[in-house]
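Here the structure is laid out as structure tokens; the discussion comes afterwards.
Should a chain be cited, it is by its letter among A, B, C and D, assigned in written order, with residues numbered from 1 in that chain.
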Amino acid sequence: MPGNSFGHTFRLTTWGESHGPGVGCTVDGCPAGLALDEAQIQHELDRRRVGQSKVSSQRQEPDRVQIMSGVFEGQTTGAPISMLVLNSDAKSSHYTAIKDLYRPGHADYSWDAKYGLRDWRGGGRSSARETIGRVAGGAIAKLLLAQVGVRIVGYTLQLGDLRATQIDEAEIERNIMRCPDPVVAEAMIARVDQARRDLDSLGGVVEIRARGVPPGLGEPVFDKLQADIGKAMFSIPAIKGVEIGEGFGVANLRGSQNNDPFIRREDGTIGTLSNHHGGILGGISTGEEIIVRLAAKPTPSIAQAQPTVDREGNPTSIEVHGRHDPTVLPRLVPVAEAMLALVLADHLLRQRAARVSYP
Amino acid sequence: MPGNSFGHTFRLTTWGESHGPGVGCTVDGCPAGLALDEAQIQHELDRRRVGQSKVSSQRQEPDRVQIMSGVFEGQTTGAPISMLVLNSDAKSSHYTAIKDLYRPGHADYSWDAKYGLRDWRGGGRSSARETIGRVAGGAIAKLLLAQVGVRIVGYTLQLGDLRATQIDEAEIERNIMRCPDPVVAEAMIARVDQARRDLDSLGGVVEIRARGVPPGLGEPVFDKLQADIGKAMFSIPAIKGVEIGEGFGVANLRGSQNNDPFIRREDGTIGTLSNHHGGILGGISTGEEIIVRLAAKPTPSIAQAQPTVDREGNPTSIEVHGRHDPTVLPRLVPVAEAMLALVLADHLLRQRAARVSYP
Amino acid sequence: MPGNSFGHTFRLTTWGESHGPGVGCTVDGCPAGLALDEAQIQHELDRRRVGQSKVSSQRQEPDRVQIMSGVFEGQTTGAPISMLVLNSDAKSSHYTAIKDLYRPGHADYSWDAKYGLRDWRGGGRSSARETIGRVAGGAIAKLLLAQVGVRIVGYTLQLGDLRATQIDEAEIERNIMRCPDPVVAEAMIARVDQARRDLDSLGGVVEIRARGVPPGLGEPVFDKLQADIGKAMFSIPAIKGVEIGEGFGVANLRGSQNNDPFIRREDGTIGTLSNHHGGILGGISTGEEIIVRLAAKPTPSIAQAQPTVDREGNPTSIEVHGRHDPTVLPRLVPVAEAMLALVLADHLLRQRAARVSYP
Amino acid sequence: MPGNSFGHTFRLTTWGESHGPGVGCTVDGCPAGLALDEAQIQHELDRRRVGQSKVSSQRQEPDRVQIMSGVFEGQTTGAPISMLVLNSDAKSSHYTAIKDLYRPGHADYSWDAKYGLRDWRGGGRSSARETIGRVAGGAIAKLLLAQVGVRIVGYTLQLGDLRATQIDEAEIERNIMRCPDPVVAEAMIARVDQARRDLDSLGGVVEIRARGVPPGLGEPVFDKLQADIGKAMFSIPAIKGVEIGEGFGVANLRGSQNNDPFIRREDGTIGTLSNHHGGILGGISTGEEIIVRLAAKPTPSIAQAQPTVDREGNPTSIEVHGRHDPTVLPRLVPVAEAMLALVLADHLLRQRAARVSYP
């Protein structure tokens, strides 16, 4: 089973290398009858695009999506939706000099160990450009989820020891860090600027929330909702930690503190008084907000000299020049949103097979 | 796609409820020619068994495994290996009284929301007894991995604010907390005892390591090794956070700190000087030790009164009696080891299809 | 991906060898809320059981099914349904003498070529006892299908040049050949008797029909309904040919003859005037009767001497004694019905994800 | 699980509609290190292209393939191989007039029943142009198979009652029917010409053979080699019957006739004296030639008037004009070869996981 597909019933397959002709994806399993146009997908791609600000890479590409199939007269048909984005600003020259060196923190060595060869131009398949297909597929997933009232929002929560102290969603897209706290956002931007001047990079934490998720999504045992979310998030480049709800904080809680009492809400439905559980119990959504945090490592491509070896193991030194983000956080936000949307869309459809009949 | 199977090429399917006739599993895809006997699987099951100590549930069951298929003259044949453990000490009476109440922190409500009905006896399918199948399947995975020199070890790292300050593997199985630091182990045991007397429970952190993993395991993009590990760990009941290598610590590091320089080892192979990356880069193993941490919430079943509602949403109060672990940590260790073994065995086999030919 | 599972959303996994402790299966993905008891499954198992008549093997086993999980208070819960049948009449002595010889028409050689070893007792995993799991799983599929009005019927259509000239379904279970034509049934029985006396065996054709299948089942392209039916039927031991509707007869028809005109039926629904297409067009059910035929080879186990080789390739001769069916046809009927039921149940559930919303 | 992918380890996903921007596919799981260029894929696409002769459709398209990813410096990298063919000669005007009528023998009605809407231009997703992706993917599978000495050949065996009486492979590509018997080929061409003049179409039988297949491919039970071949063949549009080896002929044979004696070949390997079994026993290849036959129905698009109904069920008459093949047989040959190649490539890779170690 090859590894370039995600999801069982709503299924995304991505392809493409950083410096090849283009990147793209196929969404298979999108139900028929969903209103869809390229502008909606383009909007999400524009959110992840590079060259947007001083905290991101300066690579300039329009990343124009073309829908190649699966849509007819503005609606999905049930056929696979193929999407294509041509590459236009690939500069392989940065990479020629270092093609035989193993960049620290990168996949060069492990890829060689697996395949015996690799496309070294711009990181090849391991480039972050691969996430274009995820964002395009996630855009369709978001549209499907919107039909049942699900809304996903993400933001930069933490950079180093700087952590947002308020979550004002209106602020998120107003600053280049996508931080929901405007004061902390300013401090984060200054911190990134300094790291760039130091030829260095920074890690941090992104938080994603999904509201309006109907209770009942997720499969018990191996395909628990948090298991598929965990897989989705850890499949994003640079992610080293994932939390649901209280996350690692549960290590410091007693059961009497961590348990969320069930209540009857004013509308008569059942919910919980608190939300330590982060919207999932026993692998199945409860209807409470789903809360996910993911830790992203500092971009491994830095322009300062680092010790390493070449393919034969000879010690040497490397400086990774090129157009790299000093922090991936703001561009990670739409990618992580897309992955959460893909998981929820998949389980929304899978849930339809859970009962012989529905009331 | 139902959710009771795990893995693509080495594939485990589990079944069974807490108070049904038994629990079990089928391992499909185990290669032919692996020496196997029931004692090896029984050894792992005994490690997860309940009633072992004052920090664990008092349910008494021998959990004797029977291999029903797939083994002939002491060797696997390539056919599916079915394993069966009969239930013997199920006491449903504890549950009759609360069958219409939603236990806080449990899957009762979300399961009802999904299926419209549930087997409430002992938690039914959402019981931790389901993990017997995982441990049995994982035992076979460990045997397969041992053929190529992989060894997996797990332990309790943290309980509340008590954290092991040394990792002495020889200590792990000597104390009932499975803590590698004998001094901290004593403190942990006292803490758990107190929680039990308080009719409460405690969360914590388990760490699992795999040594001798050959470089090249894992598929880039969606089936990254850490993605499948993340899914595996989040599929275990009670897990709310997962880290690889440096984990959430990367948020506080610069690239120049977090990057691990490549070196040539004395034996001529390539490795890294430090191991912030936790044995995986770009989704593929590097040959360095794989390090995983998982945060487990405090057992939700506590005997003190908690507010909740019944199936109709009427407010009420519940005390969850029965035989519950005040902390899941020591019994979580063999389960998490099993899940890591399942992921690695699966990718070990998948790796065989990565190249047209091998040198 | 191992090969002992079938179906995507309604998924059957079977296990077990002819002379091991037992055979069984797990059905994962059966929706919650289906009324189910063991008697219904036992009824189908009794239909496939051996020792029923002079045209079948004389092996005597009760084949009692035990449901081990997934059913609570008479209803499926959505959890996997594990079923177990213990082996009781295995006689391995017949096989000891020939364990190093390759039986013509059997899997001995190809299995050795694949795995390097095999469980030779009674054919091991390649025994027809494996189909017990299929029939048990198919019985549940039939119950699910019955909820939407689907009914499946199968029968022996042809044995050698003897072919049923009328299809009287009431006759099928009245004769040991399961032939719907009582006159031809008598001739078939005589023919089988003669083959047995000749220490030989006979092939033939079974036909399976499904009525009441709603239009819209099946996925275009690779998972066409006929593709999954084709796979299902060819997965049954001994099958060498499969036809849908007109089958190979289409080679002799013109388009104007083979096309089935669409009509409006009296109840206002759309159907076709004739049914050359066998209930499937473009891979999707039309609502007309689904018609499948499968050709079964003569049982390869015959007691007369046949030339062969041993594992080292040394020429020798073999007589396959034991308790073998001189024709598999009557016992093939319930197995083929089960496989068709599994395919239809799977696509019935998959169809629920085809549209954003249903009218 | 959506239905536009085929294969487990070597996996093809196709997309595209007849009159959309293009058609294409992604091959995921092709091992790294396979020499590949577009010319090799183009050669196979040229074999299936329309407008080749008077027995085929007159639609004129170059069908130029572009490899978009997965190949670097002439070798596969292990990354997904995306291939694109733009549509250039789509004439939707033929279809506007009949967009609300159900063409007999086509998927129009069943597609509407499934999805509630469809792309009616040129048959949309159910068009035979979808097979371009199969042939492109199959071309890569053939290259992989060639590494181990497997060679696949296909031809038109039968058209109506005309059946090739000799199999001269050198003749196949010399006549427009791809018939290996030059005399019968002439008669077939005359027969097709007559059908075209009669505004009618013809069915027939194609045979595909694979030589040099190593013994041991195929998984016992559900993923038997013949089961996956059966699925592959029945997934091709217009196929109503599939045979392996002796096929339906087994109905007329006794076991003593149908069993193929095992022998030691001159090179010391084990084989069979005859090949009734068609190269597969117990679902696993034996090393003998794999022989598959498939029956294709006459093209349903015929220009003579046929009774049908419209979407509301109103009776009417339809003439299907446009550029249609009076028989699909010669163009079916490369498609069926591609599907057989995909199955064998998939099982070639799956076989690598069958044993703990290989001698």
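Convention: a contact is a pair of C-beta atoms (placed from the backbone, for glycine too) under 8 Å apart; a residue touches a chain by one contact, two chains touch by 3 or more.
A quick note: this is a predicted structure, and the numbers were derived from the prediction, not measured.
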#### Entry: Neighbouring chains shared between chain B and chain D, ordered by label
A, C
### Query
What is the chain whose Cα centre is as far as it gets from that of chain B?
D
## Note on the structure
Quick note, more Cb pairs in contact for B-C or A-B? It is A-B
### Query
Taking each chain's centre as its mean C-alpha position, how far apart are chain B and chain C in Å?
38
### Query
Using the average of all C-alpha atoms in each chain as its centre, how far is it in Å between chain A and chain C?
45
#### Entry: Cα-centroid distance, chain A relative to chain B, in whole angstrom
26
#### Entry: Interface hub residues of chain A, defined as touching at least two other chains
1-5, 8-9, 14, 29, 32-33, 78-79, 114-116, 125, 220, 350, 354-355
### Task
In the complex, go through chain A and note every residue touching chain C.
1, 8-10, 29, 31-34, 76, 78-79, 144, 147, 220, 349-350, 352-357
### Task
Using the touch rule from the top, collect the residues of chain B that touch chain A in their complex.
1-6, 8-9, 14, 102, 104-107, 109-111, 113-116, 125-126, 130, 158-161, 195, 198, 200-205, 215-224, 226-235, 237, 239-264, 268-270, 272-273, 276-278, 280-287, 295-302, 304, 306-309, 313-315, 350-351, 354-355, 359
### Query
Once bound in the complex, which stretches of chain D touch chain A?
1-5, 8-9, 11, 13-17, 20-24, 26, 28-29, 32-33, 66, 68-70, 72, 75, 77-82, 84, 114-119, 121, 124-125
